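Each of the two complexes below includes chain A, the first together with chain B, the second together with chain C.
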Partner chain A sequence: MALAGEDFCIVAADTRQSDGYHINCRYAPKAHQLSDKTVIGTSGFYADGLNFVKKIKQRMEWYFHQHDKTMSTTAIAQLISIMLYQKRFFPYYVFCVIGGIDENGKGCVYSYDSVGNAERVQYQAAGSGNELLQPFLDSQIGLKNRSNENETLNLTEEMAIKIVKDAFSSVTERDIHTGDCVEIYIIRKDGVECQKYPLKRD
Partner chain B sequence: MITFFLVLLQSGNEYNGGAVVAMVGKDCVAIASDKRFGLELLTLATDFEKIFKMNDKCYIGLAGLATDVQTLSEELKLKCDLYKLREEREITPKKFAHLVSSTLYDHRWGPYFCEPCIAGLDENNKPFICSTDLIGCINFAKDFVVCGTTARELYGICESFWEPDLGPEELFEVISQSLLNAFDRDSKSGWGAVVHIITPEKIITRHLKTRQD
Partner chain C sequence: MNYPNPFADAIDYQRMEQHYDQEALDSLNAISPMTRTQQPIVTGTSVLAVKYKDGIMMTTDCLASYGSLARFRNVERMLKVGDSTIIGASGDISDFQYITYLMDKLMTKEYNANNGQPLAPENIYEYLSQVMYQRRNKFDPLWNALVVGGFQDGKSFLGYVNLRGTTYQSETIATGYGAYIAQPLLRNAVEKRNGEPLTEEEAKKLLDDCMRVLFYRDARSLNKLQRATVTAAGVNISEPYSLETEWAFAENIRGYGA
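Take a look at the complex of A and B:
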């Protein structure tokens, strides 16, 4: 999942890798840092996810050598959409979200389906637990179904991290494919920080 | 016609759509449902309540195929009334749960496509909730039960919102917010909601206005 604040962004993913009822690995990172302003989270088919991230990193390196600058978050967002659509008829089985800081220094999140449909959003859940997570984010960050329609949320970093932890511990409770450990990447103007928290292992 | 029956056999529970949730509070229980009635993605009515009163302290919510919801609710009401006449007392929610379970299991090989949620207060006014699957396997939960096409969304949000010992008004807020935010992410449920709070003294029924898409 990923969510954007005013001047920061959070990308979080659990680290369980499972196949049906079987757990293959308890620490298989699904979130990857692409630059010091962008982090990607992948779900779906793990091997496709790894390969896809590898390809993105390669394309970013070419860009770096050609233009002598690292790709911006919005540029990466567009690149991902194109790369996914290039495999329209044999898609990467990955559902990704990226989070980062855009050119104006604002937090941004882009969410994709497996064939490259992209949307810029404020928050997004993806993967096996997305149905469980998304309504919670709607309520807590989207402020849906509140009596005061004009209420605005001044999302601080501490609040956001707290919401992320709550969300993951709730989903872990009911989704067998989610658990073990959650990695929370906090993307700020001055760099990326990664925090790890244990989740239930059952 | 054939398509209809195939759809029915494969996913009778998802044909009409719907969401039901029940929660335990401190000396009270709450049960809530959406009001949509549709045929797959086509909405036909927005006043179809899925919660039925069995007596003052026992309600049942039925999510699933609408025709079975109506048949089953009437069959269960009949059985509750007959119990009252024979025993000269009201049926307790726990006994009612077993009545529902055996009624559903009677149709083991041609089931009603219904998932019931039962909520009530027992003879000592202790809260009781449970749910069953479509053939009557009971799930006695201590916190909350959910069913219908919105079950996964409800599980996620109830797991975050619910906490022990909520009073009637707090419980109303929690169950309403859980249901509203959950069914807004499900195209087959929504279009208004109804919440019943059962306390030893009274039953509070509230109808919620929601977004109409």
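Take a look at the complex of A and C:
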């Protein structure tokens, strides 16, 4: 999942790799740092996700050598959409979310389906726990369906991290594919920090 | 007056053509389209591997089954690649033999490059996982679950890759039936130690115990197995050996036809 604040952004993904009822591995990262301003989270087919991220990094390197600058988050967002759509009839079976800081220094999140439909959003959950996560985010960050319509939220980094941890702890209870550990990437204008937070292993 | 139809010949010809086309179509239908591997044929069962104090320990049995028939009973399912890597294979044996050929080709190329920098276990693992992933993208997978173990520069490596190109690295790995039966036992033994690595003797006993349980419960297993270690001393694959088993309890089992 990912969520954007005013001048920061968070991308978080658990590290469990499972195959049906099996747990293959308790630490198989699926969130990857692409640059100082962008992090991607991949869910779905793990091998596709890994190779997709590899291809993105390669394209980013080519871009760097051609233009002598690192790709911006919005440029990466567009690239991902195109790369996914290029494989429209044999898709990468991945549901990506990227988070980062845009050219105006604001937090941003882009969400995709496996064939490249893209949308800029404030927050997004993807993967096996998404049905459980998204309504929680709608309530806590989107402030949807509240009795007080004038309620506003000034999302601080501390609040956001707390929400992420709560969200993952709750989803771990109900979704068998989620657990073990969550990696929380905090993207600020001066760089990326990665925190690890243990989850239940059952 | 009865005039002849000026198009009669043409119509006859058309009918003939139609007839001919139909026949051609039928004959085409009789030829089935080209197919790719859609199931494994001669198969090997579980591969078990753990990290221990000195490196990696891995075991497989020596059986290659043809469905439920124990077809070949003296097959080596572990492959030494270079001086610090071993590959254990379950799944289709002929695909594994092809992988053996690929590895041989790769190592010959490396030998000729003569660059004084041997391929690390990580490199061989990456190569293998890319081969497996590319074949799945061609809808022509190599029907295996492979375990790559290695020890180089004081570091252990243990990774898994399967027919879909799915990969992971872990302290313990078990494929096939072993994923159900042995993996919980392996994890339990390792996690109990709280980060303290297993000794060689402990690892040996652990894997033997797991293989014994598998021999009792996995109907595609054989009590003739090999143990391999990858340590600073290099790769060592043991001669086949058997485990002590106890079947007296079977007398008392009732039900399921007994």
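Convention: the second predicted complex is superposed on the first by the 202 of 202 C-alpha atoms of A that agree within 3 Å, B and C clash if a C-alpha of one lies under 4 Å from a C-alpha of the other, contacts with A are read in each partner's own complex, and residues count from 1 in each chain.
By definition in this document, contacts are C-beta pairs under 8 Å (C-beta built on N, C-alpha and C of every residue); 3 or more make two chains touch, one makes a residue touch a chain.
Because the structure is a prediction, the values reported are computed rather than measured.
Novice: Under the stated touch criterion, which partner chain does A:I10 make contact with: chain B (first), chain C (second), both, or neither?
Specialist: The answer is neither, since A:I10 touches no partner chain.
Novice: In the superposed arrangement, which partner chain does A:N145 touch: chain B (first), chain C (second), both, or neither?
Specialist: A:N145: touches chain B, not chain C.
Novice: Taking the superposition as given, does A:Q134 touch the first partner, chain B, the second, chain C, both, or neither?
Specialist: In the superposed model, A:Q134 contacts chain B only, not chain C.
Novice: Would you sort A:N51 into first (chain B), second (chain C), both or neither based on which partner it touches?
Specialist: The second partner, chain C, only.
Novice: Now for A:A28: first (chain B), second (chain C), both, or neither, which partner does it touch?
Specialist: In the superposition, A:A28 touches chain C alone.
Novice: Which partner does A:S170 reach: the first (chain B), the second (chain C), both, or neither?
Specialist: After superposition on chain A, A:S170 lies in contact with chain B alone.
Novice: Kindly list the residues of chain A that each of chain B and chain C touches, one partner per complex.
Specialist: none
Novice: Could you please specify the touching residues of chain C with respect to chain A in the complex?
Specialist: 129, 133, 136-137, 160, 164-170, 179
Novice: What residues of chain B sit close enough to touch chain A in their complex?
Specialist: Chain B residues touching chain A: 152-153, 155-157, 159-160, 177, 180-182, 184-185, 210.
Novice: Hey, which residues of chain A end up touching chain C in the complex?
Specialist: Residues 17, 19, 22, 24-28, 45-47, 50-51, 90.
Novice: What residues of chain A sit close enough to touch chain B in their complex?
Specialist: Contacts found on chain A: 129, 131-136, 138-139, 144-145, 166-167, 170-171, 173-174.
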